[in-house]
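What follows is a set of notes on a single structure, which appears directly below.
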Amino acid sequence: MASNSLGQIFRITTFGESHGVGVGVIVDGTPPGLPLSEDDIQKDLNRRKPGQSRLTTQRKEGDIVKILSGIFEGVTTGHPIALLIENTDARSRNYDDIKNSFRPGHADFTYHHKYGVRDYRGGGRSSGRETACRVAAGAVAKKILDTKGIKIKAATIQVGKIKGNKWVEDFIESNPVRCADPDVEKEMAALIDGARMNLDSVGGIIECRVTNVPIGLGEPIYDKLDCEIAKAILSIGAFKGIEFGNGFEAAEMVGSEHNDAISKNGFLTNHAGGILGGISNGEPIIFRMVVKPTASIAKKQNSIDISGNEIILETHGRHDPCILPRAVPVVEAMTAITLADHLIRSGLYSKKV
Amino acid sequence: MASNSLGQIFRITTFGESHGVGVGVIVDGTPPGLPLSEDDIQKDLNRRKPGQSRLTTQRKEGDIVKILSGIFEGVTTGHPIALLIENTDARSRNYDDIKNSFRPGHADFTYHHKYGVRDYRGGGRSSGRETACRVAAGAVAKKILDTKGIKIKAATIQVGKIKGNKWVEDFIESNPVRCADPDVEKEMAALIDGARMNLDSVGGIIECRVTNVPIGLGEPIYDKLDCEIAKAILSIGAFKGIEFGNGFEAAEMVGSEHNDAISKNGFLTNHAGGILGGISNGEPIIFRMVVKPTASIAKKQNSIDISGNEIILETHGRHDPCILPRAVPVVEAMTAITLADHLIRSGLYSKKV
Amino acid sequence: MASNSLGQIFRITTFGESHGVGVGVIVDGTPPGLPLSEDDIQKDLNRRKPGQSRLTTQRKEGDIVKILSGIFEGVTTGHPIALLIENTDARSRNYDDIKNSFRPGHADFTYHHKYGVRDYRGGGRSSGRETACRVAAGAVAKKILDTKGIKIKAATIQVGKIKGNKWVEDFIESNPVRCADPDVEKEMAALIDGARMNLDSVGGIIECRVTNVPIGLGEPIYDKLDCEIAKAILSIGAFKGIEFGNGFEAAEMVGSEHNDAISKNGFLTNHAGGILGGISNGEPIIFRMVVKPTASIAKKQNSIDISGNEIILETHGRHDPCILPRAVPVVEAMTAITLADHLIRSGLYSKKV
Amino acid sequence: MASNSLGQIFRITTFGESHGVGVGVIVDGTPPGLPLSEDDIQKDLNRRKPGQSRLTTQRKEGDIVKILSGIFEGVTTGHPIALLIENTDARSRNYDDIKNSFRPGHADFTYHHKYGVRDYRGGGRSSGRETACRVAAGAVAKKILDTKGIKIKAATIQVGKIKGNKWVEDFIESNPVRCADPDVEKEMAALIDGARMNLDSVGGIIECRVTNVPIGLGEPIYDKLDCEIAKAILSIGAFKGIEFGNGFEAAEMVGSEHNDAISKNGFLTNHAGGILGGISNGEPIIFRMVVKPTASIAKKQNSIDISGNEIILETHGRHDPCILPRAVPVVEAMTAITLADHLIRSGLYSKKV
């Protein structure tokens, strides 16, 4: 049943609940000698933390990370790095409304049936709060990737029916939607705001681009790089699909279009999204993921209680009307964790360039 | 680097190349006492084997499976089941055209750079021939799922721009496209045939539906059922994307639409595709996957040789103009392997219903 | 490189250094619904903690455990249980004497060469302090074993040349040596005391007995119960050997002696130590382990510094002249962790007796 | 339940029964580019195979290995190497005497209770025949170790009460006992012969020495080199104990004796057996293992049948009166497999010396 670990050589193991003492992660397998401070991690955590704008939940969490082990005199020792983020704004409110009922779109129903017992406060273990650990661990992974110059950048490219068409990398972190296209960002923000005022939520699509990738990451047959990225990404709550390169469009293409021809200067196109036969081919790795509209909404919903009686559920609380802006750093973190593991597995970490 | 195994408790490990002695698999972790014969496995292998119709490759492989271990007096013993499928039509032709060049869309380029040495005959380890092992192992997995009545059915729902709209389960195995919709099957077949005559290939979309699923399969946080299915599916060559339930459509939905309301008779809709919080909720598990057009085409393509010189590549050989009809049983197999592992992991296998 | 986890289904992952913030462990895979409190864990930690008698190190550590996650309303939730033990008596003394030198018998030399960087304060990650996490995790494992009535008891049976001959279970916890034989305990204590006054240390042998074991724990071929116990035990610092049943004596036996005959009332002898073919046979599991004399001694020793210069090393500090009394609960913990994992793996946990 | 794999990066997975089609192994994670032929493997298999002298079983097995995959043009490709050894002398005799009864000292009893179904022919999966796969995989592992000059040599050092005192390496393979001491070999052979004539069997001790070991193999805390060797070794049937360096003698030593002092020319002694803190220190790795007397004896023994009735068991067949001579190459193989995995894990394989 142990299932809270990810990765083989570089491996994270997480713990914690939304309204308990805190959440945390043990990062095992980091090579020794890498400079790492709490600031390095805090920077990414601040991008994920709640309350950054009116588009996100108003829960107030400092999300302050504390390094418990694995760092000595400013560098990694090669031993486990334990990171703790204490919960500070876990309001001790009355949970009677959700204690005995199943919120639609949430894990309440399945956790209840699988485990019998359930920490219902804010979703307990199934809360999005758990992603703080992923971001913290991702910051460590990025230190490993930095040694090879590998760069990961994700952005919101669609919210509801509003689609971006441009990828302006410098723009992404300057807007609350983390949208890559300046032409549609305002419209996306308005849509999110509208959903919130309507007591509803909205979904969208995130794209991730990894550049400066060495050839050779990914292990056939079952640990192909795309499989491993897919597994890591779809483990994030609310993510319902992933596609690489041209993705679902490939259904309508013929082979002579989709195959990336090769010249002496490299690939002429990148329909494959940077991965061939499960191994990185040196081109940018490109993939897109769909995020469902936040399950937590204030609207009345039909559900049942744990005894099977039908109820009308009204859940109040502090929700994100759209999870994408805060999910962007989580996508980057999961990608970084996966690539760091494969960089070491492939023997390329220790190789001098 | 070991990466040819999949699963934790029920685990497969495969080997073999397209033009070597054969391909095979060790299936470890099968519970004891299940009836299993070569016929049980052969039935599924025959659905994947080449030469079933003019829509598939004309390579002639009997794909006859031999059980080497793990069965005694007709039942599983709980010990590893080794299955061997010998290659019989591995023509000893001249490979000089591909020996030193990289076929676009194939793993030639990445294998060359990752491993230095490469069995170029028919793609070697990266050949689709490897999927015979998956199907063989899947037949074992299905024996485990059968004990709980879990049923898996996949079908082609799109080829090129031609989309099916109906799911007629009985129709699927009766047509060479393995299409679920009788209204479009002929059109799909014609499209595939046209691609072949045009020395090209075509992609499409497969849908998979799992019914009679118990509540409780899948382990949070990193071994969620959807993550694990995605990993297994995307490890199949040519698969470039996967989505669960409403999938990418969820981007354009609001929470009050996408959330599946619950009544005392169960869920009123199944936008989630049968999985909530990474755990099966008892509804059918539904997902779709995109398959790129076959990389092997007879058309001339621009590429380079291993010395970096630009070349015009013409690869002859026996290719599938569309891989979907033969990929359908592979999808079912990978799904069965993943579910069997989780049925045992969750403790539900040994539980009396 | 990730290597700080043990177990497959019930799995522990530890972190922490001797003189850092603290040490801790994530216990993953605990079944839901088991009552667990900090007191349950503290009880075992108190048996391992320093300063229990004059026979052990005088370092003063409260070893107070704090549960960070995984418990809700007094019971396990099935999600990771994170346990933290903060360091309180990590004296900020001058480490210049050991900073640049290698203490004989310690990991200083190998850590230096393997990692380049090394937290030298009190041995850092290689400190025996890390075993507090094992004991804490073991207390959780025992809760799982309790549901089946499985009991684990370890004791000191030899110190230096002084050997015990009796196994008086009630006596073990009543004496500071944790010796099982009242007739030799005083002599053992005197020997340990003498070693301390002589600025030296002394080794010994621990025996462990597990009773009320169900038939069927252990998985052939490579996860046999004895292999897995051996791996867990020999991962404890200072443990240099292990034997099961008659152990090394079996070298001098013939088959007709060593084979345990079977009657309708069960096995007539237990030379095998309760394990046949790697699987528990229902008899008590019995094994013995040798513990080397503590490497930390105050006597002058020949060594080198990190530049390779020969030095005379005098290490002061607070050492255990004999580690056995405090190692006894660690042995029990590692045994409990291994058995809990196998109880669940074998499907026997969920089975009603 | 999957448990027939060993190793993380270099990993073996075995299958097969004593009287089925054959036994075999998939070796995954071998680096590409290593020369490997069936002859390389056969050489080691011949050292393990039955019928080498009158001291071993008279079963006639050619033990001819066939490479099924992973080798191309004489070198490893980095993909799984599957090896098959077909059974040829699996006599189709009448098994009625053991079919329904439990042979003392064997896995019959535990397999019956754990699995319900059991391939009783020659012990089925629990047969020593399975070790042929270990030896075959070990031959691959040795190719990896050869690149660094690491050498592994095991020998019989005790049979019954007869103990060797010398380690004459060249002598080991020249005598049927694989004894390292020419002075006692004849006496050992006579003892084994006597046991056979007495319808009995005899145990003993094997020592293994690994030389030219780089510093840095082994991963703290739970994958220490000694733990991993112990696990691998104790997974061999009939092995009941293991000790490193001075082993159980360490119980009677004081710290100032056992600690290996260091000079500028290296360690002055090797009481630790070449491992400190779980990591190789560059000294020879030395360990000893006890092997119980063969469980299969022709003498009458008390046992029960599967219905619980008491019986007198007389098992005929072709047994080794002492398993040590044939176990020596198995010990070397398991050691090689473990070290190869750790050489790659530690990043030292790809490092230029």
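For reference, chains read A, B, C and D in written order, and residue numbers begin at 1 within each chain.
To be clear about the criterion, a contact is a pair of C-beta atoms (placed from the backbone, for glycine too) under 8 Å apart; a residue touches a chain by one contact, two chains touch by 3 or more.
None of these values were measured; they are calculated from a predicted model.
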| item | value |
| --- | --- |
| Between the pairs C-D and A-D, the one where more C-beta pairs touch | C-D |
| Centroid-based (C-alpha) most distant chain relative to chain C | B |
| Approximate Å spacing (C-alpha centroids) for the pair chain C, chain D | 27 |
| Between chain D and chain A, distance of the C-alpha-averaged centres to the nearest whole Å | 46 |
| Shared interface positions of chain B, touching two or more other chains | 1, 3-5, 8-9, 14, 79, 114, 125, 220, 345, 347 |
| Footprint of chain D on chain B - complex, ascending | 1-5, 7-11, 13-17, 20-24, 26, 28-29, 31-33, 66-70, 72-73, 75-82, 84, 114-119, 124-125, 344 |
| Complex interface listing, chain A residues touching chain D | 8-9, 79, 220, 345, 347, 349-351 |
| Interfacial residue positions of chain A with respect to chain B in the complex | 1, 3-6, 14, 102, 104-107, 109-111, 113-114, 125-126, 130, 158-161, 195, 198, 200-205, 215-216, 218-224, 226-228, 230-232, 234-235, 237, 240-248, 250-264, 268, 272-273, 276-281, 290-297, 299, 301-304, 308-310, 345-347 |
